[in-house]
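Pasting in a structure now, in structure tokens, and then I'll have a few things to ask.
Every chain is named by a letter (A, B, C and D) in the order it is written, and numbering of its residues begins at 1.
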Amino acid sequence: MAVHHFRPEYYYNTIGQHQPALKICDGDTVITTTVDARGWDQRGESAANRGNPMTGPFYVDGAMPGDTLEIRLESMTPNREWGWTSNVLAPNVVSPRAAAALPPSDIVRWSVDVEQGVASLEKPTPGLAGLKLPLRPFLGCFGVAPAKGQSISTATSGEYGGNMDYRGLTAGVSVYFPVFAEGALFHLGDGHALQGDGEIVGTGIEISLDVRFSIRLRKGETIGWPRGESDTHWFCIGNARPLNQALQHATTEMLSLLRGNYGLSDTEASLLLGQAVEYEVANVFNPAYSVVCKIPKEVLAQLK
Amino acid sequence: MAVHHFRPEYYYNTIGQHQPALKICDGDTVITTTVDARGWDQRGESAANRGNPMTGPFYVDGAMPGDTLEIRLESMTPNREWGWTSNVLAPNVVSPRAAAALPPSDIVRWSVDVEQGVASLEKPTPGLAGLKLPLRPFLGCFGVAPAKGQSISTATSGEYGGNMDYRGLTAGVSVYFPVFAEGALFHLGDGHALQGDGEIVGTGIEISLDVRFSIRLRKGETIGWPRGESDTHWFCIGNARPLNQALQHATTEMLSLLRGNYGLSDTEASLLLGQAVEYEVANVFNPAYSVVCKIPKEVLAQLK
Amino acid sequence: MAVHHFRPEYYYNTIGQHQPALKICDGDTVITTTVDARGWDQRGESAANRGNPMTGPFYVDGAMPGDTLEIRLESMTPNREWGWTSNVLAPNVVSPRAAAALPPSDIVRWSVDVEQGVASLEKPTPGLAGLKLPLRPFLGCFGVAPAKGQSISTATSGEYGGNMDYRGLTAGVSVYFPVFAEGALFHLGDGHALQGDGEIVGTGIEISLDVRFSIRLRKGETIGWPRGESDTHWFCIGNARPLNQALQHATTEMLSLLRGNYGLSDTEASLLLGQAVEYEVANVFNPAYSVVCKIPKEVLAQLK
Amino acid sequence: MAVHHFRPEYYYNTIGQHQPALKICDGDTVITTTVDARGWDQRGESAANRGNPMTGPFYVDGAMPGDTLEIRLESMTPNREWGWTSNVLAPNVVSPRAAAALPPSDIVRWSVDVEQGVASLEKPTPGLAGLKLPLRPFLGCFGVAPAKGQSISTATSGEYGGNMDYRGLTAGVSVYFPVFAEGALFHLGDGHALQGDGEIVGTGIEISLDVRFSIRLRKGETIGWPRGESDTHWFCIGNARPLNQALQHATTEMLSLLRGNYGLSDTEASLLLGQAVEYEVANVFNPAYSVVCKIPKEVLAQLK
């Protein structure tokens, strides 16, 4: 149950079969940092190549394909006073005609006030003067090495996690990843100070983070897609294009969760989900979109 | 500002150019009833052909193409003590392999207790014994006559509304439809006692309703897709396949709302939506899927 | 076996429950004309509202839901010397980034020389000087009244046919439509002098036509989607969004054709189609896309 | 201009940053073999892990990111007398309801007679007795190392090529790949004796091949997606999900080809493609679908 203070020295722009940066054990805690999506660190200096550079990977002793790796997100705190976003909607989130009429996009800076817990534009135009949005920091891109020895760009995501950009993955949430490689090889990065659903401008408020997480290795528990547990919900994440396929993966995994954890038949799970399921559109920007299938714990509490 | 008590005598299974059932005026209120998706009324008797039979249409005096019709949903109350749902997930919401493994679907009855505000299965299997879900009644299918003199099946939806099956359209919400035909020709039906996101078993808890709504005619205000206002949000609904196209329509209409009602430029709207937008998956079952693009009123309140 | 010379006086912009323009019988032939997609007739004058105005509908004596209507396309000949196209790709056929860079679209005229059998731009820019494309006239939009008394815009298509814009529907081909309404109510229009796959600029070379077709009523033969027979292939047409769903409908109907006409099991049909099927992308522009699933007659000839 | 006889000793199931198996030069020819999709070689013995094992990679001297690698497919000949296919349609190519009714799939063997140039089922059921299909051998999966040091499963495809399963890539065709890594690192495998469009049972007739190809390095010529040239057409291949996005990539690349090779403006290219483009559905089974955008050489010949 060690606590590791890990200072990254190299960052990868793929998730995969990289040399472990640190070996850790079931139950350990890691305190580390992540640079932002363009590789800018807490001083605003370029520390890595742009494109979601990853801290890690962390090799988890004993983890083998077929196991599940639980990541408890204990804290994620912006470690500098500004972040940045794109300022124009992605062309694929509006109708083709509206997309053609959008102005060219640019990068805009936001002040991030951790004390007050709010973000505001550094130089707002009059229409947005006074806009303050509450911080809700999370990791946009994290996960484990994918199957078959693949190394996959941190632009995208899959069964192994990756660039899911799901704003629900905040401190206090536990995330579960299927293990596909010896040691699991956990990578993390791409912090966001906050973000709307869907990452529809192609960014959250991109920022470097101080991160603290602990891990649990669940030997012999096999899952198909990332799952998570918050104070209020259990959820499953599906990553794919088109959007409907992401929803299919998330829902299929939820069927599996209800079967495995609650002993429900497909008919029982259908009756329950049909009237109580919730969905979130995590990202509709990346090469793989992400949809989250959720069920409230207060509904699940009635099952036993 | 009349109050009309309207008892339907005939129900249509398309939304379109039908003989008006009642002529009403700007500001009027209508108290009426709807039968369920299979045409069963408050006594459980067949009163109409199955397939979302509609009460109406109501002809709104003075409504012309290019206007907007506001429907204030004042109350929707189940008027019988049971509803029904399908008991198996639709094949398009799980992966093709999982879909092939699903059991055949059947219709299952739920007790609907308006006094207690809950629904429960009439004959639950052990896994779901004791499940009680809170009622949240809404109209699955309602809208105005579509453009070009079309009459379109109540299975689907479009710019004119229709079978959107959005569970957010509860009492207290105002819905705005673009008017495409003289008199607007408002139709309503397909009540649900409650439903999860996405209508993923293909039904909510289908039930007959007592409905009270009032209308406002907004002459010369032109919108592109259904919009709505709840206590907490403004929202826009897009209806189309695939799911991403529904999201595109909803987001494009929200751009238009922010431009028209708040004077935001495309860049300002993008900056706002990118970090504050919310999406709901209303239905992912019907021929046209429905996605809702929402913005919290507390964010909008900062704009002026 | 009458031959009707029919001169249209009114044109509809929906396909549906319209007053029959002419009653005809099984085996009859009709010689008539169609105006172009904007309603311009053989003299280039506006004879109808724009948006694929339809000649007809023709009421087929004895046709009832569950029957099949066979249309033998005997001849389609441009009856004026020019047509028109859009001159810019539709935004949905290129990547979003490329779409945003496209110039605004305009209408361009082509000379249509029926004698020589070629079309050429009236005023070509230097890059296209000398371009001559062979004529291959067909009907972009035709079909029968849809189910449930619907009247649907001629912009789109479905099980009943409609705006499929499939360039394979030339003279010599027989097309089969499922009958959904008494009398079938056959409509036709939207002639194209020629077109590429997919109708990717949103038009073929739009032109008015002289059309000759005969009909056969196939009582009690029930099909699900339009089918066709050319000299070389049997084919089935699926109309839907997204493109994959159009392909699904076409392939499902082909399974049904192989089962019904050739007695193949699903496994046999799969083995055959897997190694011998051909697809065409008929249109990827309209609200419903169209995909054609084809099987060569020389392969089918081996089955008996 | 060397001719290399290369006997593979190891096969990779990803395309990416693997140790070069052989270094070759611009103009060289390679004569080699590929095992089938399950790793079975010419003797029918297992020589590699299943999942499209690749022969190679071949390091091309001087190839750098931004260059183009031309592969001239000189011959592909089955080197054993049988292949295999799946015998049931993939669930995603028929409607969800039809998919649920499909029987379980199995592997079936075909006799492959290179002399006669035909394939036939080894043990046909009566419905398919006598079925003989002409051989048309091609490589299902081949391409160069992807960008960013990725190693990607041979199940899928992208800008770098990969598992495109396009049956048009037969002997006599030249294929062009964008180079993303030093040495290009060309991989090949997954031979098919023949296949229908779309690979709709998930396989062609899978077989091991003798392959002969030569390469040309086109320094400083940069393309975005695989292109090809046959006797009759120039074409571009787009790989993505959903199907429409694959079509978008292919069409966008064709715009680029017409601009670069023929000097056409976007408007000229649109006018040409709108009336003369052809599409093929290469695969609608793999994680990324493949669509081919083609233009006949006899049309292109009119441009100069």
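Following the convention adopted for this analysis, contacts are C-beta pairs under 8 Å (C-beta built on N, C-alpha and C of every residue); 3 or more make two chains touch, one makes a residue touch a chain.
Remember, it's a predicted structure, so these values are computed and weren't measured experimentally.
Participant: In how few steps can one go from chain A to chain C if every step must land on a touching chain?
Facilitator: The least step count works out to 1.
Participant: Which pair wins on C-beta contacts, A-D or B-D?
Facilitator: A-D
Participant: For chain C, which other chain has the most distant CA centre?
Facilitator: It is A.
Participant: Tell me whether chain A and chain B, two copies of the same sequence, contact each other through the same residue numbers or different ones, using over half shared as the line for same.
Facilitator: Comparing the two copies, chain A and chain B contact each other through largely the same residue numbers, since over half are shared.
Participant: What is the distance in Å between the mean C-alpha positions of chain A and chain D?
Facilitator: Distance between chain centres: 34 Å.
Participant: Roughly how far is chain A from chain B, going centre to centre by Cα mean, in whole Å?
Facilitator: Once rounded, the distance between the two centres reads 32 Å.
Participant: How far is the middle of chain B from the middle of chain D, if each middle is the mean of its Cα atoms, in Å?
Facilitator: Their C-alpha centroids are separated by 47 Å.
Participant: If I count partner chains per residue in chain D, which residues reach a count of at least 2?
Facilitator: Within chain D, the residues that touch at least two other chains are 92, 102, 242.
Participant: Of all residues in chain B, which touch chain D in the complex?
Facilitator: Contact set of chain B toward chain D: 90-92, 96-97, 99-100, 102, 242.
Participant: Under the stated contact criterion, what part of chain A meets chain D in this complex?
Facilitator: 13-14, 16-17, 51, 147-153, 240-242, 245
Participant: Taking the complex as given, what residues does chain D use to touch chain C?
Facilitator: So the residues of chain D in touch with chain C come to 85-89, 92-95, 98, 101-103, 108, 119, 121, 125, 127-128, 130-133, 194-201, 203-205, 242-244, 247-249, 251-252, 255, 262-281, 284, 289, 291, 299, 302-303.
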